[in-house]
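The next block holds one structure in the form of structure tokens; read it before the comments.
Going by the order they are written in, the chains are A, B, C, D, E and F; count residues from 1 in each one.
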Amino acid sequence: MNKRIITLGEIMLRLSTPGHERFVNAQSYEVNYGGAEANVAVSLAYWGLSAAHVTSFPDHDIGKAAVNTLRFSGVDTSFIRYNEGRMGVYFVENGAMQRSSKIIYDRFDSAFAKVNVTDFDWEKIFEGADWFHWTGITPAVSQSAADLCKAAVQAASRLGVKISADINYRRNLWQYGKGPMDIMPELIKPSHLIIAGLTDFENCMGITETDYLQACEKAKTICPSLKYVSTTHRDSISTSENNLSGVLWNGESILESKSYEMTHIVDRIGGGDAYMAGLIYGLLNSDDQNALDFAVAASVLKHSIPGDANFVSVDEVNQLVEGKNVGKLLR
Amino acid sequence: MNKRIITLGEIMLRLSTPGHERFVNAQSYEVNYGGAEANVAVSLAYWGLSAAHVTSFPDHDIGKAAVNTLRFSGVDTSFIRYNEGRMGVYFVENGAMQRSSKIIYDRFDSAFAKVNVTDFDWEKIFEGADWFHWTGITPAVSQSAADLCKAAVQAASRLGVKISADINYRRNLWQYGKGPMDIMPELIKPSHLIIAGLTDFENCMGITETDYLQACEKAKTICPSLKYVSTTHRDSISTSENNLSGVLWNGESILESKSYEMTHIVDRIGGGDAYMAGLIYGLLNSDDQNALDFAVAASVLKHSIPGDANFVSVDEVNQLVEGKNVGKLLR
Amino acid sequence: MNKRIITLGEIMLRLSTPGHERFVNAQSYEVNYGGAEANVAVSLAYWGLSAAHVTSFPDHDIGKAAVNTLRFSGVDTSFIRYNEGRMGVYFVENGAMQRSSKIIYDRFDSAFAKVNVTDFDWEKIFEGADWFHWTGITPAVSQSAADLCKAAVQAASRLGVKISADINYRRNLWQYGKGPMDIMPELIKPSHLIIAGLTDFENCMGITETDYLQACEKAKTICPSLKYVSTTHRDSISTSENNLSGVLWNGESILESKSYEMTHIVDRIGGGDAYMAGLIYGLLNSDDQNALDFAVAASVLKHSIPGDANFVSVDEVNQLVEGKNVGKLLR
Amino acid sequence: MNKRIITLGEIMLRLSTPGHERFVNAQSYEVNYGGAEANVAVSLAYWGLSAAHVTSFPDHDIGKAAVNTLRFSGVDTSFIRYNEGRMGVYFVENGAMQRSSKIIYDRFDSAFAKVNVTDFDWEKIFEGADWFHWTGITPAVSQSAADLCKAAVQAASRLGVKISADINYRRNLWQYGKGPMDIMPELIKPSHLIIAGLTDFENCMGITETDYLQACEKAKTICPSLKYVSTTHRDSISTSENNLSGVLWNGESILESKSYEMTHIVDRIGGGDAYMAGLIYGLLNSDDQNALDFAVAASVLKHSIPGDANFVSVDEVNQLVEGKNVGKLLR
Amino acid sequence: MNKRIITLGEIMLRLSTPGHERFVNAQSYEVNYGGAEANVAVSLAYWGLSAAHVTSFPDHDIGKAAVNTLRFSGVDTSFIRYNEGRMGVYFVENGAMQRSSKIIYDRFDSAFAKVNVTDFDWEKIFEGADWFHWTGITPAVSQSAADLCKAAVQAASRLGVKISADINYRRNLWQYGKGPMDIMPELIKPSHLIIAGLTDFENCMGITETDYLQACEKAKTICPSLKYVSTTHRDSISTSENNLSGVLWNGESILESKSYEMTHIVDRIGGGDAYMAGLIYGLLNSDDQNALDFAVAASVLKHSIPGDANFVSVDEVNQLVEGKNVGKLLR
Amino acid sequence: MNKRIITLGEIMLRLSTPGHERFVNAQSYEVNYGGAEANVAVSLAYWGLSAAHVTSFPDHDIGKAAVNTLRFSGVDTSFIRYNEGRMGVYFVENGAMQRSSKIIYDRFDSAFAKVNVTDFDWEKIFEGADWFHWTGITPAVSQSAADLCKAAVQAASRLGVKISADINYRRNLWQYGKGPMDIMPELIKPSHLIIAGLTDFENCMGITETDYLQACEKAKTICPSLKYVSTTHRDSISTSENNLSGVLWNGESILESKSYEMTHIVDRIGGGDAYMAGLIYGLLNSDDQNALDFAVAASVLKHSIPGDANFVSVDEVNQLVEGKNVGKLLR
């Protein structure tokens, strides 16, 4: 398969306390590099697609380590640039039972926030591309990042590249003087697929419908090329046990997946990105119901893997969809 | 808040096998320092109270490491003394599923067992103090420890400091020629709050009532200043899964907490001490039902944290009481 | 107790990814040495029987480390020999939740596959022996291994040593030009006890009955000295949660054990071998129902212990059989 | 001994690669909290003095962990405040042989850089204080930090508290529009003791003498209360092997220490701060030559300890000064 | 710089005991992937050249992990193929002092030994290539590997790609019925640069001269296109301390490098490959003496880094050549 | 070779801080089990002799772990008994450079100190034995231990078993009311070989000669069967660097070994025991000078290995004696 995907967004250094240790007691941090959009690229590259991630880093060894880690996963890093600014960091504390997991973000003034819009030639980047994916985090980071995102969306739209957007409204970002309603509607407009819950619809598109089907139909009136809207549903019994399912509106109706009981969660970070990647993969390769089922199963498997990246194969996801080999010892 | 708490008791070096490794196979031990009473001081200090712990250690680097660790948690260590004797040690093997956790104690002849009663000036220690907490472990350790405990209880009583006692009968201690009925009744008498189950009542106070309410009322007849009696109830489905609740007799009736299902227990040691601390904190700050609810929630959260110490904030406990944020990823 | 058991079979270097890490991301492997038959010897030696394991290794430090590790567990290694060939290796990836655990075998051309049949004097090995245990893995490895197994079975039979066989059909082995039906029937014939499921019966004995009782009775017609047939039943809800029970045919009827819910599985590898060892121990020491109950409880406890070896005491197994102390903190 | 020392300065989260791993390959970081001035407070507290450190942190769990860590070492943290801003971070890569160790700083926009000058009541802080220590790092961080430092120096001078300053010129700081010559001369003026090399003298005081004795005498003409000037001399044969000595000008002549060969350096960070602390301790307790010898020996021992903090006792330093017990196994 | 290098050779899973642990006691192994030729590609890619490595792996997760690790370092893996066979493994025990380091090879029957010669289109592989590098290990592995190497050398020669060969005679290989004199002379003949010591010359080229200059001149008579011959000289004072230097014959005379004292060796494996890479880099970018100096300095730095790969920058190597920053703390 | 050695003495749990961490900061301890006499048995068993160690342990899982660890090394543990008392513990802090390593002993009231003398049938233990080894630590531990040692020495002497004694005077022991001169002379008297320095001679035998040759000759007048006296000489340049040599008096003259420079010491504990084992091995297998050379080389290699046990082969020791392979990478 030779589909090509371009993703755009910041990658941060993730520092996680080991085991179930609390921040206040941590004697070491485990190192990962992650970002919502790059996590999507990693999944798709791992599944055999051609995926390139666009971002910028500080020009030091830790920035380079992040690039190397993307390459490890098979992502094309040739469009990544270096500029002034620091490496964004987020600290993760793994909860357990009734104790929640926590994230401390330390991402302001990052190289990506100070990205040079002119460092990126979108005509070149989109050569041969089939799909462009971005999230609502990027325009929330800084004016430069919003400008870069806008240039990318416009180029993708102009060049006929399908666009997916994970709206992902983050209240703690948006600190540079603009709000989501100033920026997001224009960016979302040319989307082919969006991931959004009701809160995202309201904050980023001004859609106040409280019925999901109606909200999707309203979104369609705003985004003429919109074909799909999707979201996951998570019941959190505890940090260690969640139930997960997903829905997909395909312009006609709302399809539903089965719900999975996840009873020994290892790491839920990146679960939404695994879903996003699964949906893109599925829609490029299969019918709507299969795409949704693939996306949810991919996300479930992510919860069993330490780190942001979803190192599972297409076969493993498909077997979970079919209920095969669950809990077996594969020799 | 400026309440001041004094706790008294031995602190041991805790050596735990990593992960779910058995003693026979352990290649390393994880280091903690813990003791039932000091664990209470740590919780209270962590919650913003002024807490001082009274104990003695051997005068070597490991004794000092224990002092430093108490200071880390914000406990006032200025009344700690050094004397002859060894560092008490306990070895912990973490079970899993149907395999029980195990403790091997190695605590005889410790510095605390050989403590010099005259090293401690209780008038000075109780200056500005509101509460004194001790447990039935201390008088069980040695005649010196029992004498020290008695001196403390008498001074607290004389100086109008409220007293709590976790009766905590330990059959394997009491090896110095005295039994609990020789020592405990006099020590318990001036208590404001006691933690006791029916077995504790029988062994340490000679109360043979089998109805908990009646046992509490009987205790009141022995201890004229007694205001509260409490205990927890634990159903152990397996090492990894317990249900926990608590009851509080307040002189009128028995209040009950909700029961929590704990399905991925990380470390249950110190769970009772977290409950004790929660009860003291709650009774100093709130009404009886809230105090009980706070205590049980504090204890539940302790089960998610490696080590004896309950590094959770007042906010986290209150949110669990209110059922907020359970299983969420807090950003 | 002074029963003596001889086991025969290959021991491999087991390399496991730490925690729930995937192969593709592993930065280290944890080291164990295991083999289905040696795991049985380890359990029995740990329970106080005299157990000797017969195998061969490459003559280098890692082969010696495997011998030392057997000695650690109390197994008599005096019959082990060294010959040309490599150390068989298997790589283990621990799954979690819906993600299965995986094994990559790398065992061809091992020293054991190239074993010199004449290096072993079975008359001497069986001196004082009460029981001989082998599995269907050995004759599947190579012609030399099959020849060695045959020599052992014949000697045991001739010398009146009781024989148990865990038929354990492995499709991926049997690569040296023979199939199981060429080799296994003759080897199984003198057995006193066999572990077999319906698939094993079919592949290794040509028994096509689909009712387990009938299959056992059919096996009895083939193996005149057969007294017991047994198998476990495992329901895999997920990698982290299985239910386990066992059945034992004793020539008259099929006895059943209770079913255990295992909800926080640490390591299931070696669970079948723990069951096998439990059955041998039980049949040597108790009645049929107790033997079965002991075997299942031993296997359950194995699932809580990292590595192949089942480091649990007879007391611990018996207490689980009786439902005592489950989930308690043993001080 | 009851001398009281106040130190002022930023504390950062230190993240070090394990062993001799490079940044690009690091899978985890070891956690420490360090800062030039706080390292001095830690040494002095560890040696039995009363030491309080003044700084500010972000109001989150990692800021609190830094406070706890200071308390662990016995430092009084009661004057520490929380304000807006991030936690400064520095990443450390341990070199070996001819490969240099590297530090990546990520400290801009920290809570300390944004410190509220009015949060600190210096009259209260200096109650009972004998000595105040600051370094040239603080005024280089931000205007607020420089203002805070100036307020502290002026109060110390006014209240008769002796002042030491480690001039420590850092070219990469000083990014807020001021240069060292704008700020430092006034701050240095009331010093009792300064640590400075010739470069520091030139950059921060405009002293261009190239003879160290003459430079010291010139400094005295600028700083009327100056009694001591000191610096260390380090020969770096390789990252793993350095020679270290020190000199002390006491207003009359330049005293010299012996030179130590350090041939298996574990961690050199904090070595200068250990020297500083040793000098303060020595000048408060002994004569000039002894103070210098104590300072150098303290610094040498620091190079054998992982982390910034110099956990060595006064006895250990004195024994090294006397050449006792070097390389012995102390039982 | 846009030079393109092609390397060919097997990559093995390297399993190293942690710290200075012996094989017999190892509880875990650290994971790396290495091979003499791939190590060269990694260095060159890390230094900014375009480097592609040609090899084959078994088609399982560990084979893929090796590919990912090469990608991490920036090596082009698009010509790598999968075929039957196992993953070659080598076990490393780190010595110390007078105790030597040890390697146990377990590489027979690997996928690379069974490589399909027709899976590789050398015309395509060498498109745009400037240099081809191979070593004497490859033709020693198997007939297939020797055939593949021959096809590569012939294509490179035909297409005008410069060839370097690290002759690297390994007595323990060559087990498939051929000896080095059967295979190597023809392969070496078209070389531009060879790395060879006197033993290599004798075993692989039949050159028995004992004077290095004469041996080089003799080699030139056999290899008409030969421009350079080089080798390193290592004095092993102990496992922890070696002296290293190099010589380069450039057709006219023998150039010598300085000799470096390496007194805290972290990992010497890959030191020769770092030298090889340094020489290729130097000869492509500089004059002969500079190339030699660069190569030796690169090799020295490798000895400070855990694992086979030499993660040092061109700047770091050049600074060591110039004697700058040695033993400094770089901020 | 079939010589059989019996050793007697306490084995303790050794808990070591990881890397160069100090006690006060240790978050974990590495686990080993060691004792001066058992370390000798381990070396000899590892070198192919038949070695049995006699001791007693507490009857719990950690006592059993110590037994298992001895079995791992091939030592016969069939004479080990269990009795009341605790497990002796010693804590080890690894120094570096000028910082000394430290041991904190916590061994009083151990099971061995309370050993039942009647649990050991020395006639049976010495069946087939050629050599008995004890040290001055045992009679210093308790009256029971001294009695046991005396019973063993008397039986060995009576049964014609050669006796070696490492006198090893420890000032901190001898706390049960007897001094070395009360006990040691009688025990030492029947020795064949003793290890003693001048201090040991004085404290344990009352020999005050200050010339080593004269002291040996004096010892001979006291011990009629004495054939050998030996001691090592250690120059401690630093914790990381020592020089080591040995001398052996053989009744005629004093033989000297070469002196080894050990420049990257990993773990010196057990170095003396490795020497002792080397001497026994050498005297049983070779001439006097070779025995001494073997002993010193064995001890040198021990310094490169973590833990008390000297896991080196006879070949490795002999190669160091011959100066072969030092610092090589053995493939």
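Here, a residue touches a chain if its C-beta (ideal position, glycine included) is under 8 Å from a C-beta of that chain, and two chains touch if they have at least 3 such contacts.
Note that this is a predicted model, so its numbers are computed, not measured.
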- Task: Quick one: how many steps at least from chain A to chain F, stepping chain to touching chain?
- Result: 2
- Query: What chains do chain D and chain F have as common neighbours?
  - Reply: B, E
- Which chain's C-alpha centroid is most distant from that of chain D? C
- Message: For the interfaces B-D and C-E, which has the higher count of C-beta pairs in contact?
- Response: C-E
- Counting shared numbers against all numbers at the contact of chain C and chain F, is it over half, same, or under half, different? same
- Item | Taking each chain's C-alpha mean as its centre, the one farthest from chain A | F
- Could you put a whole-Å number on the gap between the CA centroids of chain B and chain C? 46
- Task: Report, in whole Å, the distance between the mean C-alpha point of chain A and the mean C-alpha point of chain E.
- Result: 40
- Note on the structure: Touching at least 2 other chains, the residues of chain A are 22, 24-25, 27, 68, 102, 263-264
- Inter-chain touches occur between A-B, A-C, A-D, A-E, B-C, B-D, B-F, C-E, C-F, D-E, D-F, E-F
- Item | chain F - residues contacting chain C, complex | 68-69, 71-74
- Task: Using the touch definition up top, name the residues of chain D that touch chain A in the complex.
- Result: 15, 18, 22-31, 60-62, 64-65, 68, 86-87, 89, 91, 93, 102, 104, 106, 108-109
- chain C to chain A touching residues, read off their complex: 19-22, 24-25, 95-103, 105, 170, 172, 236-242, 263-264, 268-269
- Query: Which of the residues in chain C end up touching chain B in this complex?
  - Reply: 260, 262-266, 300-301, 303-307, 311-312, 316, 320, 325-331
